[in-house]
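Pasting the structures here.
Consider the two complexes below, in which subunit A is the common component and subunit B and subunit C are the respective partners.
What follows is the complex of A and B.
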């Protein structure tokens, strides 16, 4: 197991390095000139040359990459062109917000989705099944920003029940206001999650119910709930972990729409802003961070697989 | 003895999308304390459904619509209990346990096997966790699982098929049931493992007094192990009696048909198999009269007028569902014998060697890791030598994993052997390249095991049969091609008008005929038949065997007949080659091999095969084999069989015996017969 994790971490490192290289070279090819972005459009030649030199743009590309990578290893991603701030400072203020929202939304969507999925699978063919499955299918295709805008119009603008924009920690505005601010973004973030967990749980449970070992479990005369939880659920969990991993990996990208619709100062808004302003150091840092989050999520998924399904670790053992 | 399980006239229906299928049409089965009951019939006859109905284990679409199931003659119909009620659960699993066919999928893959046994004990015996664990380990020892304590926490996939089936038995018997239902429990296993398991079940039945219901299509198994037999056909029991009576005095035409259709180890050489023509009716098309009427060669027109015959007692405990009396049937039997009077097609074995194989060897590399580095290799087959003459059938038998199929693929040159000679009419093809090989391709072809997956489902039957002709450009015009395809259809006894149908529209037997027609398309001299009938029902098997024999006689084909069913191999082969772990153990004429087997492995293998004759089974010696077939990757250094052989000496363990003539062309590779 330990060997397996170390191997996976090494593989992750390779991915991160590759992504860093590719991002660096691709952003360099962007048509916009960072010097004008920093100094404005009306620069004298001397001023231009000065900034050009300051940014190190007169050095060869490869050398600039080495310098950037060395600094990045020390946590220095350079200064943002648009915010005129240290990039790391910028990002570190926003990570907790995005993380907080994403994790809350997972805490909501996993249990609810699995519960609905179990209900529909065990009551397959009944009215309850049809209704929940239909709703899940509809919800999983609704785009987040559309749900966000609808909620905003109804609860924020028409009914004026909830604040339509902003995000503050409970310390700043009090717990009640904090929860009010959270409701709409969380619904928006979790609806799709609940729907896809429901769908996945249903189909993987139905798949397992047909298996021979479930018939064996029934033939043993053990209680129905043991058959469901010990035999069906444990096997049905495996595909659910895949979805969980995907959602974790998609955390930063996924919060983009919601944060923009509700003007939440998280990673998603920062990403959109930095791309639209060609804020190259910020883009580079964010891409790297997103890659690392994805890699961590997949590592976590693989570890969970091994825990839930002994077959996986066994096959990797037997090859040794 | 007192009645234990009484299944009385049950009818079971399955709901599909648009209709209701009546699978069981009134089945009555009784099981007494401690006896072994055999339930035989072909696939789809309702054997498993009967047993699953009795313990309410049907899927949600199945329902018992009428009839009673009683335990202990207490007058309580257990079908009245709700499926998952406490009362029903106490019976299902507690009093009646069931083991299933697929040992690979019947155990939960993510729960340690010990826990699965423990679970049953805690449910039905009411022990606490620790006690149940101790008891589970005891049960594992009872079914001879080595290192039970250590293996308690292992998962199902760490065990072989035979071991998994032992675990299933331990799990079921742990609840101390009164009835054990074994639903084709040994069908997927090799003969030696099958014999080990059934012997064990029999012993346990004697030791613990548990009654056993053996559900199987294998008449040999019931002949050897059952006390009483029920024969099922199309959702009905057609005949029941004690085992001796069923085999000595079968009264239902279907029972007689089955017994005439199967080859036996004890058959004389000129025995002709009589297949049962046609197919059983589907549940939808089941007539109101006798369901066997259409396939019955005893029937009189009157049979179609009368309603379905009911079981009637004609002797002590001997019930038959047939309108005809004994005298009528005996009369008819004489008539049939006269009319049939068939003899086996003549053999024309010439001296010309069609295929000569010398010291053929094939190894496979083992790759590992991200870069797929080669980390080792193992020899799948080693030093294989034999020959086949024109018009001759050489049977190749051996358990799964012994290299039969690898050998076939080497001969067909789908694999390139690593050494040795493969001579086709004197020309060595072992190392020919792809294009050099092409002219030889038409001289040999193969018929595959699975008639369902070996035909392309998107091609019409005509295209499938004609494909080799197109590839080898054997016909010059469209008309000639069509004519040849029609001819091939007729050769295998099929109607050329069915050319435009797709494989799924044919039955298993017809599909296998198509496979044979395809193999014959290029007029080959050598046909390699890789388990060609093992996926077919007994009555259909005989049709295909007879067809193969006729084709051989008329076309002078040489056959390489690969199979694990020894009785079939004995029936069809002139000579037999016995393989074990990639090496040849013995080659001999088929009657010589069965009458006078020399190699200890052959002896054990033969004694594992149940004879379809309970009288001959009495007092027959069963040679139990130690352990299980090891993987070819850890083949013993000397004789491959040395670690399981009772006669093994130091020499056997260190040196590989050569294949030598022990007289009369009986080749054996065993030190017992030379250098002693």
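What follows is the complex of A and C.
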């Protein structure tokens, strides 16, 4: 087990380094000149040279990468071209918001999705099954931001039940207002998650239901409920663990759209802003950080998977 | 002798025709799939003949018609610049479909080629390709696309490339797994012994036998790609504003939610409908291609 974790962490490091190298070199190929982004369009040659030198652009590419990587390891990602602030300062204020929303929505969507999935699998072929499956299929086709806009129109603007924009921590506005502000973004973020967990749970439970040991359990005369919980559920829910990490990574990226609809100051809005302004240091830092977060999520789910399912032992990993 | 070979090819032709017929019958066995196919056909028809179907231009503004209510001249009314909403929806369908289909084709071609190389050559090639695709997979998909927008740009073809890149690893893994199991089969070995070069073996012996999960994957990816495109256009970094795309229409409409909520809601319905159609069709293709569901294991 220890060996496995170490091996996975090493793999993760390789991936992160690879991503760092690629993002650095790719963003370096950008057509826009960072000197003009910082100093404005009307620069004298001396001013241009000064900023050029200050950014270290006169050094060779490889050397700049080493310097950037060394600083990044110390949490210094340089200064944002558009905000004129430390990138880390910008990001560290926004990471908690996005993570908070993503994790909360994961906490909501996993139990709901698993519950619906179990209902559909156990009542397969009935009307309940077809209605829930249909709803899940439809929900996973709806654009997240559009759901947000519909909610905004109905609850924010027509009924005026919920605040339509903004996000504040409970300390700033009180817990009631905080929850009110959270309801709509969370519905948007979770709907797709509930749908995908429902579908996953349904298919993996159905797979287990067809297995021999379930038939054996039934024919031994074991009580229906016991078979459901001990045999079907335990084995059917294992594959769900593997998509947890995937889903969290997806939510961190996808929260961008929801953040945009409800004007939530998270990583997504920062990313959109920095992309439309070609703010290279911020983009590099954001890509690297989100990669690290999602790698961590993948690692955790893999470890959890090995713990829960003893069949996935270390031997089968060496094959990968 | 000659006679039997003729009857053999005839049999083969018959068998193939029978297979196609069986495929279509399974695929369109459910009424939903037929409905989805009809809807998709309508979307494609609209996208292709957008300029014939409507007398208006999607981009010419006529301020005195701003926010005109739906009428016989403008079925869905006009937007904030007096542009006909229905016309813009038609042209938006074109953008969505082109980006979706193009992205999937690009991803599939590159992914299949790299996956085949990884499986066929093995060794260093395999390690490099697989490590790179693992690295790509560990960045959230949307982040890859956004970061690439800065580098590549955001025209329609650029967007297709950008949305294709993060899905390539999926194809690589899928085809590699298939190809690895086929690599040691007798017919591949036979082809190699006859002196066929590796490209020939990969394309004519391995690929046709590994293609069906890839086709299923492709049909399921078109919808997701269209969702992504509309999202990127919505936040303002995808298709740029004068071009009519559903995402930009929603984002423009968002400014007038209080007075004209329909401007933002209608394009979203189009996105949802198109994606639902594509996914239902994708499921139909999967059911028809998966031998386990076809009842001949």
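As a working rule, the second predicted complex is superposed on the first by the 312 of 320 C-alpha atoms of A that agree within 3 Å, B and C clash if a C-alpha of one lies under 4 Å from a C-alpha of the other, contacts with A are read in each partner's own complex, and residues count from 1 in each chain.
In this text, a residue touches a chain if its C-beta (ideal position, glycine included) is under 8 Å from a C-beta of that chain, and two chains touch if they have at least 3 such contacts.
Since the structure is predicted, the reported quantities are computational estimates derived from the model, not experimental observations.
Engineer: Go through the superposed model and pick first if A:5 touches only subunit B, second if only subunit C, both, or neither.
Structural biologist: A:5 contacts neither subunit B nor subunit C.
Engineer: Let me test your reading of the model: by the given contact rule, A:165 touches which partner, first (subunit B), second (subunit C), both or neither?
Structural biologist: A:165 sits against neither subunit B nor subunit C.
Engineer: What is the contact status of A:222 with respect to subunit B (first) and subunit C (second): first, second, both, or neither?
Structural biologist: First partner only.
Engineer: Return the chain, subunit B or subunit C, that is in touch with more residues of subunit A.
Structural biologist: The partner that reaches more residues of subunit A in the superposed model: C.
Engineer: Give one of first, second, both or neither to describe whether A:230 is in contact with subunit B, with subunit C, with both, or with none.
Structural biologist: first
Engineer: Taking the superposition on A as described, I'd like to know which of subunit B and subunit C A:308 touches: first, second, both or neither.
Structural biologist: first
Engineer: Using the superposition on chain A as set up above, list the residues of subunit A that contact both subunit B and subunit C.
Structural biologist: Shared contact residues on subunit A: none.
Engineer: Could you pull out which subunit A residues touch subunit C in their complex?
Structural biologist: Interface residues on subunit A, with respect to subunit C: 11-12, 14-15, 18-19, 22-23, 26-27, 29-30, 137-138, 140-146, 149-150, 152-153, 157, 249-250, 252-254, 256-257, 260-261, 271-272, 275-276, 278, 280, 283, 286-287, 290-291, 294-295, 298.
Engineer: Hey, which residues of subunit C end up touching subunit A in the complex?
Structural biologist: That would be residues 131-132, 134-135, 138-143, 146-151, 223, 227, 230-231, 234-237, 250, 254, 257-258, 261, 264-265, 268, 271-272, 275-276, 279-280 of subunit C.
Engineer: With touch defined as at the start, can you tell me which subunit A residues reach subunit B in the complex?
Structural biologist: 211-213, 215-224, 226, 230-231, 234-235, 308-311, 314, 319
Engineer: Hey, which residues of subunit B end up touching subunit A in the complex?
Structural biologist: It is residues 55, 57, 84, 88-94, 97-98, 100, 102, 105-111, 119-120, 123-124, 155, 157-158, 168, 171-172, 175, 368-369 of subunit B that touch subunit A.
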